[in-house]
Amino acid sequence: MIKIEAIVRPERVNLVIAALEDAGCTGYHLFNITGAGQQRGVEVFTGRGAGTVVRTALPKTLISTVIPDDMKDSVIEAIVGAARSAGDGAIGDGKIFISKMDEVVRVRTGESGDIAL
Amino acid sequence: MIKIEAIVRPERVNLVIAALEDAGCTGYHLFNITGAGQQRGVEVFTGRGAGTVVRTALPKTLISTVIPDDMKDSVIEAIVGAARSAGDGAIGDGKIFISKMDEVVRVRTGESGDIAL
Amino acid sequence: MIKIEAIVRPERVNLVIAALEDAGCTGYHLFNITGAGQQRGVEVFTGRGAGTVVRTALPKTLISTVIPDDMKDSVIEAIVGAARSAGDGAIGDGKIFISKMDEVVRVRTGESGDIAL
Amino acid sequence: MDTGTTAWLLTSSALVLFMTPGLAFFYGGLVRGKNVVNTIMLSFMAMAVVGVAWIVWGYSLAFGGANEFIGNFDFIGFRDVDANAGPDAGYSSMIVAIFQMMFAIITPALITGAVAERFKFKTYLVFLLIWMTVVYAPIAHWVWGDGGWIGGIGASDFAGGTVVHINAAMAAVAAAILVGKRRGIPNGIEAHNVPYVVLGAGILWFGWFGFNAGSALAADGVAVNAFLVTNTAAAMGALTWVLLSYLTTGKASAVGAASGAVAGLVAITPAAGDVGAMGSLGVGLGAGILTWLVVKYRHKLMFDDALDVFAIHGIGGIWGALATAIFAVGGIGVIDGEFGLLWANFRAVAATIGYSFVMTFVILKVLDYVPGLGLRVEETEEDGGLDIAEHGERGYVGDGAD
Amino acid sequence: MDTGTTAWLLTSSALVLFMTPGLAFFYGGLVRGKNVVNTIMLSFMAMAVVGVAWIVWGYSLAFGGANEFIGNFDFIGFRDVDANAGPDAGYSSMIVAIFQMMFAIITPALITGAVAERFKFKTYLVFLLIWMTVVYAPIAHWVWGDGGWIGGIGASDFAGGTVVHINAAMAAVAAAILVGKRRGIPNGIEAHNVPYVVLGAGILWFGWFGFNAGSALAADGVAVNAFLVTNTAAAMGALTWVLLSYLTTGKASAVGAASGAVAGLVAITPAAGDVGAMGSLGVGLGAGILTWLVVKYRHKLMFDDALDVFAIHGIGGIWGALATAIFAVGGIGVIDGEFGLLWANFRAVAATIGYSFVMTFVILKVLDYVPGLGLRVEETEEDGGLDIAEHGERGYVGDGAD
Amino acid sequence: MDTGTTAWLLTSSALVLFMTPGLAFFYGGLVRGKNVVNTIMLSFMAMAVVGVAWIVWGYSLAFGGANEFIGNFDFIGFRDVDANAGPDAGYSSMIVAIFQMMFAIITPALITGAVAERFKFKTYLVFLLIWMTVVYAPIAHWVWGDGGWIGGIGASDFAGGTVVHINAAMAAVAAAILVGKRRGIPNGIEAHNVPYVVLGAGILWFGWFGFNAGSALAADGVAVNAFLVTNTAAAMGALTWVLLSYLTTGKASAVGAASGAVAGLVAITPAAGDVGAMGSLGVGLGAGILTWLVVKYRHKLMFDDALDVFAIHGIGGIWGALATAIFAVGGIGVIDGEFGLLWANFRAVAATIGYSFVMTFVILKVLDYVPGLGLRVEETEEDGGLDIAEHGERGYVGDGAD
């Protein structure tokens, strides 16, 4: 089993989720996060609204889904397809992190392994 | 060391935490997430409240705790016991994900290893 | 590649991020979490404000950053330096968890590996 | 009809109406986030349901005819309720009927604090109609109606301590008992949104000027005095709670400050026409201490009055009724050696307690057995929160999927 | 000048001004969290821009001179608008000019619901100035100005059903068409903050007493009656929406309850001087049913009126204008067999619809072509939310980095 | 006593009271989420503490006797403050005492913006009592008291520009200096809840009608004019800030719009009885530009006036006092070639600045040395937020553990 953590723009979440479902993912969960990568922030007002400051970190959404090993490529492809901005993509489109997940247990039944996903 | 990520119903969190403490966990942290698995959503109102739509993802809580390897089974058992709905459990009771954690460092002391948990 | 998850006091986040950037981290993301470790809670009011209860879990911030293997020590050092309270540190200063990250893909370009960090 | 008086009564009516959304926020902030929509709706629907029922039959039942116990059907549909009045009259009957409507709206809304986080919404709508008819209208008649028996024995309830607060509080107790305790919160809950609680308290304080000073039914010295003592009692109540909070825990609860203010406001309600500035400090201080003690130890009670309606409105209201008789100026108060008012107010309180509790108990028992109704939501609905279960809405939508 | 009347008009003016922040919250709660600041600002800036422009030229254009179609420049800069009036007058011309200003402020704010989540803020500021001048002022003159043609044909619009609501709604339709649909929300959105919606509705309800009862321009029986029917129609509208919500889905939407209340308030606006208590129930019921149906099926329309301004204010307003003629008492209503008022109101509605739609369409088309303006934000700005893009602010800052 | 006048003064008093919860939200939205409860409480407790102390001794000190510098003890405990007045009087002394109380409440609440996020709550409660007694009461007496010297030199402060705003602002500067800078925010902070800021501004704007138009102490032409110019200056202030925001950054800050509105309101406060519609545009424009500049460059100042009380209320207030003299109509203004009022107002401003700053400085210095008090919370408390540390409450509870 592997865990895919995709950090995407919040406005892309619905598209990414639809793509995940098409790719056969059976479950996922989302986190609201704030992050910074190459895209380095926006100007925001501080105090009473006359001065500004550059905020490095921006709101992003992290989508986490645990899948069987063999779905890896198709899922990554699905995410990239749905999350990349029109044209050649834009800075801030996001990143996908892949790591190993050793086990999963379904609380309701106690089942474990791929069948529990 | 292993990391246990348990996704449970928000209303079960207090019970699960109590169970974790009984099982000897020394620390944990919680995330508010939104997720979908086999339980596929609820009907919610949109717009001015005359039309509805089915929301796939529901609020869940992710409890993450890092424990020594040998506590794995007892901790999983504790979580399942506290998180499963009365009767035979119900769809949406949650899932537990187990992965390997390589190291931990306590900021205060710089200690690492199981002793830092 | 490794993933560093540092749980720190919310008021230390700006310092830790600055330290991460100095240490050469190219990206990170933050989660608002609630957690408990050895620091066991504060007294809060319940109901209409005449009775109190001790809340175990406290607000913390989890900073997650994925880095090349060789930056591990310097990054941990940077975090500890920025997150530890003045003097000998205090309970609740936080913890750092290190685990293996297998792969990363940049959505915009499709690049993967250390170059995508 | 006097334009100044009419202007003040129009303003007062608007202020009292505004108290109900204020209450919605006060209560809404106190519950858990998964029940905020439901809690707010319980107050808001009182505006909708009673706003309709009052003009159709409520007013007539409460204020029609001259009778000891109940009104009649003379004013059904606001028939013969005149918007105008002759040049000598201060105000018309319609503006008083409107002002009274706002009281009839907020009273059942107050009850909902007791059953927050678990009451079935559909049943609540039915309950609103029946309770307003069977409990509120008669008690309003007793106190303020033509020939009402409580008015007759010389009890003094200036702006509704018995009719509104004690009445709501006893109904709350009956409801809390029948609906049962909430699931799985052995240690009580934290307010999910403290700013909302203070916003609600601010709106209530603001609106209460209409409630009490409007009850003078004139823009005169009585109104001015009522306005003053309303503010003073609220201030003293808030201060008392904060000091008690500080003395016992070293911290000053904002929810407590808001609660103390409301407790002071409740207690001054019956007294606002009879006490002066210094008396109102006594009223507020007593209200603060008593309600604080009851809130602190109420978990020893057998029922789960979730938002402490009994403590704040019941104890606060009873104290207010007695305090009216204690601090009343003009030679009728206990301080002046007179006990007649105390005894009259005591009887008024006792009757209200008994009637409200018993009737509410009966109404809810019946609703519990009506097929399709019942008092309490399913366990899973309660666990997941009433917002989704009963309203198909989450209070706050903040995740990336939206 | 009568002090009671003046007191009530001062109070009413304050109440109507307060409606605009109320609307800001009502609308602000309905959008997604990334657009809450923008949505609130659209209303708030109407206070700023119209608050200035009205005294400089707006009032004069709307209420100067005696003419069928438009005012004149007599009152430019509030010249000759007198704060005082003789002892026999009820009120001075300045207090009426102030009261009217509050209407001129909220009307364009209402429009913004249609273009929420995508309208260019800079263009909006310009639009506010032009629209108030070219659309609002003339229509206000037609209906309420000296010699205005709609007043002349005997149409009855007590507190602004045509001038405010139908006018805003048709402008909303024109704007929604020209600005185009929002990106990527095939199924509509959930309100991001339901408590805000109810808070907004509560403030609107409260302020609407000033809007309608203040339109009596006196603290008299007409004001009292207007106050009553305002409340009743709001209550009935809310109740209707909740019952329809229950019947169709088994759940009671709080946003729906708030929407129904507003729909009832919109519909009673033109009628508040003519209908009685029972008539107002009819007005509210009709408004509830009609607006609910239109909201439910409006996605079949070709344009994205994001917050349903057309359904609530347009349909509600048109129904109100016709319902005025239906339920009017005093022998002028359809129920009494008279159709004259119905026909007059019908013409008033038709003229308002036509003028407002066409003129707004033209104004926006022009603004779209003006270099540096344009109607719509960039796609990435829309995706990321207008709060950051247009205001450099996030509504809520909650992450650890702050 | 006149019912219309009394109605308006009752309404105005309620409106001004409501400003304090409004301020609580205005300030509460501007701070970081971990300090929202504390910030709200600082305002709310002014209602509680001053609400009590004013009737016990504050009013008497400010308005008792005929003396140049301070009142006396004649009205201790509101003794002899009459709720009624004869038929010829417009209003009774009690309603004015109530109206004045609301000013005494909001003034210290304004100060708290300077020390937000770090001031010790316990000390604040003591400070409130002393400051109201030693600073507020005398200055109020100077300006409005019988025989007060500022009133005597012919200075014109219609609704409290010196007494309330300049006074609060200079106390704020003293407090900010003594309490010291907040820890670890080199670049300033973002407002944690922009909607709260706008809600607060909306309530303030609404309540300010009572503040200024109520200061006419009549429902007359002066009140009507004051109402108008209040609105206009607020609108102009907001507009100015938004345009400056746009010109310099291309974005329109909502916090800025709210700040500009408040700045305009502050500046018009002393002027509301003397300037006309066009003059009020000048007042608002000047206030907007000046306060914006000071806010923008105030980080160059040596002290951390966290929420810019000095910029908005100090600069806005000083400008207002001078602008009163510039734009005053009736042949007393600088525009009409008269400089007497300018000079008188200048002296009033200077005296207020000096007295308020010095006395506040002394009071806080003393409180800093009193064992058990002290001005500032512990570092860890400041880091973790004052909500938990001082109030045992979190503003928002949203995690799964609740």
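A, B, C, D, E and F label the chains in the order they appear, each numbered from 1.
As a working rule, contacts are C-beta pairs under 8 Å (C-beta built on N, C-alpha and C of every residue); 3 or more make two chains touch, one makes a residue touch a chain.
Keep in mind the model is a prediction, meaning the values are calculated, not measured.
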Selected pair, greater C-beta contact count between C-F and A-F: A-F
Angular offset of chain A relative to chain B [C-alpha, multiple of 5 degrees]: 120
Distance between the centres, which are taken as Cα means, of chain E and chain A, whole angstrom: 42
Centre distance in Å when chain A and chain C are each reduced to the mean of their C-alpha atoms: 19
Chain centre separation (chain B, chain F; CA means) in Å: 49
Residue list for chain D, restricted to those that touch at least two other chains: 2-5, 7-8, 11, 189-191, 249, 251, 253-255, 257-258, 391-394, 396, 398-401
Overlap residues in chain C, where contacts from two or more other chains coincide: 10, 14, 17, 30-34, 43-45, 49, 52, 55-57, 60, 85, 90, 99-100
In the complex with chain D, residue positions of chain B that touch it: 9-12, 14-15, 33-34, 42-45, 49, 52, 55-57, 59, 85, 90
In the complex with chain E, residue positions of chain F that touch it: 2-5, 7-8, 11, 15, 32-33, 189-195, 198-199, 201-203, 205-206, 209-210, 213, 218-225, 227-228, 231-232, 234-236, 238-239, 242, 246, 249, 251-255, 257-258, 260-261, 276-278, 281, 396
For the chain E and chain F complex, residues of the former touching the latter: 1-8, 10-11, 13-14, 17-18, 20-22, 24-25, 28, 36-37, 40-41, 44-45, 47-52, 55-56, 77-78, 81-85, 92, 94-95, 97-98, 101, 121-122, 125, 196, 387, 389-398, 402
Complex contact set, residues of chain B against chain A: 2, 6-8, 31-38, 56-57, 60, 62, 76, 79-80, 83-85, 88-91, 93-100
Chain C - residues contacting chain D, complex: 43-53, 55
